[in-house]
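Paired with subunit B in one complex and with subunit C in the other, subunit A is shared by the two complexes that follow.
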Partner chain A sequence: MTRTYALHAPRRPSRVRPYGITRGRTAADRFLGVERLISTVEFDPQRVLGMLPETAAVYEACRYPRTIAELATGLALPLGVIRVLVGDLAAVGRVRIHPPAADIPDRHLLERVLRGLDNL
Partner chain B sequence: MRKILIVGAGQAGLQLAHGLLLAGGYEVTVMSQRPASEIRHGRVTSTQCMFGAALEMERRALGVDLWSAAGSGHRIDGLGVSVPGPDAAPAINWLGQLSQYAQSVDQRLKMAAWLELFAERGGTVVINAATVSDLDHLAALYDLVIVAAGKGDIVELFDRDAERSPYSAPQRSLAVAYVHAVRPREEHPDTSAVRFNLIPTVGELIVIPALTTSGTCDILFWEGIPGGPIDTFDQVADDPAAHLAHTLELIRRFAPWEYERCAEAELTDPGATLAGRYAPVVRHPIAALPSGRLALGIADVVVANDPITGQGSNNASRAADTYLAAILAHGDRPYDQAFMQATFDSYWARVAVCTAWTNAMLAPPPPHVLDILGAAGQHQDVADRFANGFSAPDDFADWLLDPIKASTYLAAVTAR
Partner chain C sequence: MASTISDASLALSAKIVIAGAFGVGKTTFVAAISEIPVASTEALMPVAAAPADDVSFARGKTTTTVAMDFGRIAVDDGLTLYLFGTPGQDRFWFLWDDLARGALAAIVLVDTRNLAASWPAIAYFERRGDIPFTVVVNLFDGQLTHELAEVRDALDLSPGIPLTTADARDRRDVREALRALIRHALNLLPSH
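What follows is the complex of A and B.
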């Protein structure tokens, strides 16, 4: 009896594990739009001591949830810098990046984003 | 841990980022203008054909080959040249054999996967269209900032090096279509080969077997002399179907020997076409930011050649390889201006001949080049040497770029 084999069996490189792919996809796709809310996780003043001044400023500001736009305005830093600092803090669990707003964001949030953008 | 920021998620930026991550001891951040999923499902951004040496460098840096020839079914084993004659058949028509296979993986596929793998391996990815102001602030937070994004405002931070840039205007209009259903050339049905069709006074049609998100495909790539009959893709802008129809009509008219196998071509996806032009340029490698801090350019930020010789991605790989070695060898010393200049100088030493060759290909061929193209049809050694020069272009300095050495070599070959 003849056996046949699929010419290109679906496979993925063995060193890339499934959970890893998920993490990679998440991080490589995570765009922090100006409306994304960021909040500090369990603020601890001791932690500020070891941080760069800009990082510490984001960590402190986000004790009250802030949008990316508000952080850029409030700290007078370009959006790209805020995205880097938030990414670094989120990677070590110091801040939480809220999920993207639902299809219809609430009016209050939109007004805050608008104000933040106006002030950039 | 030394902190390195790489702005740009293309061949050079991501190859270098992976190389540093695998070497260990570096905190590497890649800033990409677009998220991986947008890169993967967006419009094509490039043509590419990476030859053996450049593929080896990227595999070494990545530590993995995501599109091995065996796994992907994609490899390129030959490089052919055709030049039209008085009738429909080409007067020059030959195929050189590559000693190592080449590959053309659509950068949408490759860069999306490399960016995801980089994040998975612990690298930091930031999605952001970098501004000068971003870089200026970030340069204070990182030990080294490398600019690997060949397009956009920040490239303007790097001044043109007039001495090394013979052209100030685009030398070709570029029109690209990724297509399925192109057959191999009839005369070599079993060899997957990139084909250079040189049409004097008109331009070049380059056909590159490739791998895209929907599997193996071919790239139909017209390079048109400005103002000539190929430089007419403006009239089909934003209409991919019309772009393909125009591509095929120009093939039928100027490279009829290629038409039959392309006649049933279908676009691989709605984003499969691209048209544009740019002036080849060499730039000074160090940008001074408003604060006085420095950023180092890499690959096509500093050396952007016309794609006529298919060397862009190869040079990006050579650049990443050079910069990786320089950074690793530098240990914990500061990445100062002297380091940046020396790093670029080592890169330039590797691509100066390639740049001269690419610029020479944009001009009408001198007699000794025509002699070589003719002789390659009679002597397989000449065809093979020409083909393998795409992997190691320095060899061209010893014959193709030098009339005297060229005639000495041809005399030796024909005397055999």
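What follows is the complex of A and C.
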């Protein structure tokens, strides 16, 4: 039997059933790190009515800033699905994707983290 | 509190990757310092059940779930640090790329009873070259069974990569390992 490792397998998650939620789209072109924070912009319960349940769940969850990873865990959806839903909501201004703490780790950020660890 | 809402919208996050072989103590390490119970996030992955060119690929069992554990530390009012453990199975390297992208730094945890299992993780970060990392020997029984120099030798670790020890169950040890990691990252920055 020939063993084929995952690295050589197709990596097209669009064939995977849960991606039906995202109508087959994937997050490949809008990479969002698992640590990126998302927050809802001016939550309006009326807006939830026209949303898919999963989209509404993200919209509601992000009334308090949450990371991509926390959304995936809290809503029990794969990371890729969360990325697409967040991308869609952000595209129409319903959620805000927080900037990364630094594009390139800089001295200021590292020293800030070190101070935080010192204070634990 | 209503007063924190505007502040929350300015919240920032950063991440550190905790890498290493299956069973090396990554989740224990994260749990020792995380202020939330370690959570697990799942990514669906294609399974290599059939050759890539097999037309039946889409009909069989084609996916598996890969878990990535994470925890969190509030650095200060505006910044939260997330610790992400890599999936234990080495074959999910592409998930490592996902986790490593944008990481401040990384720790490779090693178990001296199975040093060979750590080689891929160390090689991964050496090859990337863009993420500062240290290697930490997990003291499973609270004791170091080999001299660190021997471990460094066996791992064929570059002299510039710090090698320390920690009991992954011990919060202070984990904190010190993280502090040493950040200091190492600071040392690697250009002076000006």
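Just so we're on the same page, the second predicted complex is superposed on the first by the 72 of 120 C-alpha atoms of A that agree within 3 Å, B and C clash if a C-alpha of one lies under 4 Å from a C-alpha of the other, contacts with A are read in each partner's own complex, and residues count from 1 in each chain.
As a convention for this text, a contact is a pair of C-beta atoms (placed from the backbone, for glycine too) under 8 Å apart; a residue touches a chain by one contact, two chains touch by 3 or more.
Everything quoted here is computed from the prediction, not taken from an experiment.
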Inset, instruction - Scan A:L79 for contacts with subunit B and subunit C and give back first, second, both or neither. - result: both
Inset, instruction - Applying the touch criterion given at the start, work out whether A:G87 contacts subunit B, subunit C, both or neither, answering first, second, both or neither. - result: first
Legend entry - Comparing the two partners subunit B and subunit C, which touches a greater set of residues in subunit A: C
Inset, instruction - Kindly classify A:A69 by the partners it touches after superposition: subunit B alone (first), subunit C alone (second), both, or neither? - result: second
Inset, instruction - May I ask you to decide whether A:R107 touches subunit B, subunit C, both, or neither, giving the answer as first, second, both or neither? - result: second
Inset, instruction - Check the residue A:R36 against both partner chains and state whether it touches subunit B (first), subunit C (second), both, or neither. - result: second
Legend entry - Common ground on subunit A, meaning residues reached by subunit C in one complex and by subunit B in the other: 8, 11, 13, 15-16, 31, 78-80
Inset, instruction - Please give the residue numbers of subunit C that touch subunit A in the complex, ascending. - result: 8-15, 33, 39-48, 50-52, 57-58, 62-63, 65, 68, 70, 73-76, 79-82, 84, 91-94, 98-99, 101-102, 104-105, 132, 175, 178-179, 182-183, 185-186, 189
Legend entry - subunit A residues within the subunit C interface of the complex: 2-13, 15-16, 18, 31, 33-37, 39, 64-65, 67, 69-70, 72-73, 76, 78-80, 96, 98-102, 105-107, 109-118, 120
Inset, instruction - Name, in rising order, each residue of subunit A that touches subunit B in their complex. - result: 8, 11, 13, 15-16, 20-21, 23-32, 52, 54, 77-81, 83-84, 87-88, 91
Legend entry - subunit A partner contacts - residues on subunit B that touch it in the complex: 5, 29, 31-32, 35-37, 64, 66, 71, 73, 112, 115-121, 124-131, 133-135, 137-138, 141
